[in-house]
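Next come the structures, one after another.
What follows is chain A paired twice: with chain B in the first complex and chain C in the second.
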Partner chain A sequence: MKQTEGKIGIREYTAIIMLSVGTKLTDDTPTVLFNSAKNSAWISLILIALLSIVPIWFLVKVFSVHQDKNLHDLNVYLFGKVLGHIISVGMLAFGFSALVLDSAIYVDIISSMYFTKTPSIAIYVVLVIVCGYGAKRGLQHIGSTAWLTLFYLKITLLFALAFAFYKGNTKLIFPLWGPGYWEIVKTAGSKMSIFADFYYLGIIAPMIDSFKSFKKGAFVAFAVVVPEILLALMIYVMLFDFTSIEVISYPFHEMILYISIGFLTNVETFFLPFWLVAAFVRFAFYFYLVLILFGAIFKIKEYEYLVPVISILVIFLGVFPKSAAFTIPGLREWMLTILSPMFFLLPCFMWLIAKVRGDFKNETSAQKN
Partner chain B sequence: MKHQLKKIKLLLALPFLIILTGCWDQTGLDDQVFVIGIGMDKAEEKGKINITYLIANPEVGSSTQASANNEEAMMTVTIQASDFISMRNNANSVIAREISYDLLRVILVSEELAKEEEFIRYLYTSEKDREIKRNVHLVVTKEKAEEFFKKNSPKFLSRPHKFYENMIGRAIQVGIVPNSELHQFFRITEEDANAFLAIYATSDIEKEKNKYRISENDAVAGNVKIKGETNNSQFLGAAVFLEGKMIGKMTGVENRIVMLLNDTSDVSDILTVVPDPFDEDYQLTVRITKRQNTEVVMDVNSKPPRIHATLPLTIDVLTDPSMSNPVEDKEKIEEVKKSFERFLEEKAMKVVTKTQEEFKVEPFGWSLYARKEFKTLREYMDFDWMKTYPDMKIDVDINLRFGKFGKQPKTPSYEGIRD
Partner chain C sequence: MFKLLKKISGRKKKGKSIQSNNTLDEQKNKRDQSISQNIDDNIDFIKSIYQFPDNRDVKFREFKVGGSNKRVAIIFISSITDVRTIEDSSIRPLLENKEPNLDIKGIISTQNVTIFPNMKDVVSNINTGNAVIFLEDDSNAYVFECANFQGRAVEKAENEVIIKGSKEALTEKVVVNLSLIRKRIKNEALMAESVTISERSQNEIYILYVRNLADDQLVDNIKNRLKNLDVDSIQNLALLEQYIEERRMSLFPSLLYSERPDRAAAFLEDGHVVLLMDNSPDALILPATFWSFFHTPEDHYLRFVFGNFARIIRIVAMFITIFISAIYVAVTSFHSEMIPADLLLAIAGSREKVPFPVFFEIILMEAAFELIREAGLRVPNPMGPTIGIVGALVLGQAAVEANIISPIVIIVVALSGLTSFTISDISLQFALRIIRFLFIAAAGIFGIFGMTALFVMGIFYLVSLKSFGVPFLAPMSPHYVSSGDTIFRRVITNENFRPGYLKPDDLKKKGDGATK
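Moving on to the complex of A and B:
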């Protein structure tokens, strides 16, 4: 286990979150929001962001007194052996489904937008091999890859959004409240789990060099990712309008197919590699989270040997649905909806139990001493 | 031992080289032909259309001249097909290589097909194909698209992709044709509130003398007499689409007015003529530029709803054929300004009335301003912009400012020279 022994610093850690949450604006997450919140999806996102601060803050608070534990240890410690394990297994199930469904969507994007003749399974195999390899190398490698590529990825993304903004029309955002206040709030409530990644960060909490980095990194990344997705949602509406936005499956890719930079018309080939690198980092990280959690629950020390098994599982489950283009987005939306209350409530409960147990008192008195 | 392990590892990495070739989608440039334009015409059979490919020969006009000196720069193929996508294979019975839409620039539709209800079914297949980009321009041709492709033979720019790119790009800049990207077509058609304008073109030039129009651009393609040995096709004016179906035409000048009033257009270089207020025999050439966005004030609650649009224009007066030197005289300038404003307002109102009475739908993008007046989509939909538009009270104001008066503002007086 020597490869995963080392800890990562705040830079790598923040870069990982920014890439794994930031890339959500390029898959079908915007479409999920547009489906019900229409052109006001960005208002929903503001609500989601405000709501998400609560669980993230509680989570950080709980970890402040249990700095040596990861999320699974903490679950067992706070909820007891049986319930703690159930919660952890549930988390594993959701984490694994997220890995399968999200990767299936990425494969669908690649095979329907870029490599139309390549069989999906071939793309899937390549994607999973790359990400599985990344996960096997461990958090340090994922972190340094993320940090190395972060600025290139964000700058190209900014470029794409800027050109799209120039092509779009700001008036298309109106009517401001789109489908009505209630729909906006409902969307925010049911889809707030798009930031559930922050909850899963607890799994790697002890692998970050200090608790201060863990806390600061999470909030810095959050403060970057929210405006980024917000901007993207608004620009998609400005470019495609509320009617087309519902029928377009992957607005980001439709956008880079449409824009042209000066005399260069087919610029999607320029953005594609950057996007792919971000996707690799994201799935390597998800893969790693699943590995660690699995290892922790079933007490498997050498969890890198799980990589081939999980890879094969991911591929088979991913290509299993008969018509992936319809079933996968439906399943994903369904998962987001179920995960939302859990993402909101679990950290609150954790904090509550910790409070009742008096964990925070020890901390404050320890600090005083 | 360690050495050997390294070798084995290297061997294991070798299969990854296969991945580098780009899997199944790898195609060499040599194995593809590039379609620059697609033409759509009505077919006899229901559910089918005649599709024409305009295919560029990449070897003509490039630096590898030696190999292809005598080959044609382009060719056309017409086959009856159900859509653009199946056509790819149908065409392979005569074309030796794989057909690629990567460089597609224009989709041409004959006026005949554009006026059909069915037309939209065929055009929407282009949204499904990944290679057909949303920045392809839609052009309506008076004759069959197939004929247009055949007759259109530019004297220079024989490479077709350059021709269409430059021809359309320039015509949009000067405002005689609209910017008709497919993206706008889809957006406007789906929003269901405005009219979409497509480029109008033809190579079928009127032969009868009385069918020519007087003013240079106040005509649609085919009605302007141009002598000389130039290209025999014209791009001028606009085809008006309502709900994905062509319902009328606009002349080049009318299109310019629409482009000026509509903020989303990028018309940047308008030279036109305005009657000279001092001598009715002559006309002043002016350059019109838009200072800023059109200011639109509307009252959607009054019955009928009211729109007041103010168009801020800067006008450079470039000629002075009556040689009356308005620059020197404040009163004269004021008079010129008033007459210009009156003239332009009249012209603009004429277009507005035409859209209200003839088309019953507006191409100015004013519904976008109206959106701000509503809180939710439902309220906006219930208002039903398209139904209300013909009854609205609209007036257009021109807020005019003078820019330059040519390179040299003053001219000697006519009488001074002639005495």
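Moving on to the complex of A and C:
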């Protein structure tokens, strides 16, 4: 009933976040955590989640008084024209690299785990065509697709995790503190940008039907995604133990290779389509974010026409590294490490400047509207 | 660069303009005049318009009225009028009249007599089966209704068969259809407005809606669309559908076509708009969502559990019909590790002597099935059973024995063909049949990955479709207040909202049961 043209409801919005952040447990993100925090990766995830609440909370706070602005407008408004643009361009650069690196990893997963004979550029082209098509269709349609498929994707994920849990050995979680407190904290501090997606949500903030949905959706999705990844991290350790988990690049896919359901001994292909749907939605959303941010910074109204250009860029940059399986995870880890302090500090600065400027004085009246 | 391309392509299109006479305007101008005082002029004019002696079923009856001794002429087309009515309620009373002052309206005993001062209306009335009376020294024409177009009687629904519930189907006569719908909604708020949509054939269309339920904007939008039509002739609703839909190239239909009056009535009560037309044994219901194509009225006539069981069967059938052939192709050629070893050996054994790749085998058999289907549809009735036998035996059994097709492929294709019949809507059925081939192609090239890519693209496309402003997958996404009748239905007493995407004037639907 309240549906207005071009805006998405809380369902679609939450579904998008759940899929785009939730799929991280299926790529090499767990490996990044396991590398330094070993079998206590899940503890560092708890730390990350606790730390991440701070910037998310500040971000939501800032948006509560600027409900009609998107993140770029807000950057320009708060940091001034020059610095604001620099920050936005930096965000665009990181967003675009995330799109390229993450999609390269997904292509690597598909081509190394499932389609070993298919050339990876062909897989990449199909992936980018689908995501580009989704991005061109717009946020509403990405959201609807996410919401329509969300239930089935989460159910199958739950199934996979449940079967893996029965195969695993609970004792392998111990020693609880793994490599020691300091290592865990260090991992948490340097890798907290795995939730940086929440910062990028600011770009679509004015496209959500109300501020209340924006706030509630972000927190609901956060509350679902964190336990999900936590559970996955624990189950990986229980299944593989910490010595082998460091060598495994994509634990989720190794995990579904391990499990069998009744008379079906190899079920990984059964889970593949569901995981792929989530991946397509995720990259369609990333693609859309890059598009809209690009459009906002360079004042391009009809940003749909950028789709072919960006598609080709993504494919070439993604295929460029010679051995994706070795170079890209390194690059990705490096990016996560740089992004972490930015993700933590930027919203705090935004809030601070807004506070100094006195934007929050009108808060009560703004929230009533 | 694009402008240049456009220019080049635009230039090519400019060819010679087609020479044509606008005979329609000629015809219009000819009949656009007022009625003369002289009755002979009028009669001659009508005779010239209808080319009287050549046009055999146009009838003229001239005589003098008994009392006043004035000349009278009655004109009608005998093939589309009820001649009995004309004789009983106009010719006889006029002949037997003894009054010196002639008052036509007092003599003609039909339900209404209308007066028209110009020829345009007179002609159009004659064309629609009414009779016209010209009077000596009178510049008005008197028209009374006596239309009687031939058509079949109300029969059983043949395409949307159900076991429980009414069996009536709409017919080619719009009056009968209206009566069937009014029989179900006895309310003065049920409107039946009519619009003439074509110029030459003067096809008339009825717009039905419930005044205090349907959204005014929606009704206006539909009326405008119908008024904007500029066509010579639209014979029936199946053609009209293609004139008023938004995406003419789309795979998915955006208007629901139903032959059941109970279905039309149910949609009217939810705030939809229904179009009826002469010569169409069906109703066009709009806006339509994906779910309305997927549902049948029986889902609601059956009790909650049974109705939902039918829905489960149907959604499973829909998935089987789209995916099973594609999955067979994908699994056997890309993911053979997925199949349990025994089954894999069975498949390999059955394929041992088959010389073709799986993809080709499936395409061959699917094409054969489509052929049998199309042939079976067009074959004259007495030969019908032959086609079944020839199709099943020659293409199935013999193909296997000749080692062209493996038996498992026969099972797969038969299953996918059979399940496609569970969808009763012909448009959706066609869409699914075509999509099936796309999926087979995707599976042949990229296995499960290609299928999933196509599936996600399909969903992106599906959610972007709209029918008269209503998203195709509403109310599931985007979400609207509704009675939640999508894949499954609710208990009938809980279905107490009209669909919110129609913005109905009255959202709440009363539906409390007798027991709490």
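Rule of thumb we're sticking to: the second predicted complex is superposed on the first by the 359 of 369 C-alpha atoms of A that agree within 3 Å, B and C clash if a C-alpha of one lies under 4 Å from a C-alpha of the other, contacts with A are read in each partner's own complex, and residues count from 1 in each chain.
Operating definition for what follows: a residue touches a chain if its C-beta (ideal position, glycine included) is under 8 Å from a C-beta of that chain, and two chains touch if they have at least 3 such contacts.
All figures in this text were calculated on a predicted structure; none of them were measured in a lab.
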item: Per-residue contact with chain A, leading partner among chain C and chain B; value: C
item: First, second, both or neither for A:Phe159, with chain B first and chain C second; value: neither
item: Partner chain in contact with A:Val126 - chain B first, chain C second, else both or neither; value: both
item: Chain B versus chain C as contact partner of A:Phe270, first or second or both or neither; value: second
item: Touching partner for A:Trp57 - first (chain B), second (chain C), both, neither; value: neither
item: Contacts of A:Phe219 with chain B and chain C, given as first, second, both or neither; value: neither
item: Which of chain B and chain C A:Phe240 touches, first, second, both or neither; value: first
item: Touched partner set for A:Thr145, first chain B, second chain C, both or neither; value: second
item: Partner chain(s) touched by A:Phe360 [first = chain B, second = chain C, both, neither]; value: neither
item: Which of chain B and chain C A:Thr116 touches, first, second, both or neither; value: first
item: Footprint overlap on chain A, comparing chain B with chain C; value: 114-115, 118, 122-123, 126, 265-266
item: Parts of chain A lying in touch with chain C, wherever the complex brings them together; value: 1, 3, 8-9, 11-12, 110, 114-115, 118, 122-123, 126-127, 129-130, 133-134, 137-138, 140-145, 147-149, 263-270, 272-273, 276-277, 280-281, 284
item: Contacting residues of chain C [partner chain A, same complex]; value: 331, 334-335, 337-338, 340, 446-453, 455-457, 459-461, 463-464, 471, 473, 476-481, 500-501, 503, 507
item: Residue ranges of chain B in contact with chain A within the complex; value: 19, 22-25, 102, 130, 133-135, 183, 186-187, 190-192, 263-264, 368-369, 371-372, 374-380
item: Footprint of chain B on chain A - complex, ascending; value: 38-39, 112-119, 122-123, 126, 169, 171-172, 174-180, 240-244, 247, 254, 257-258, 260, 265-266
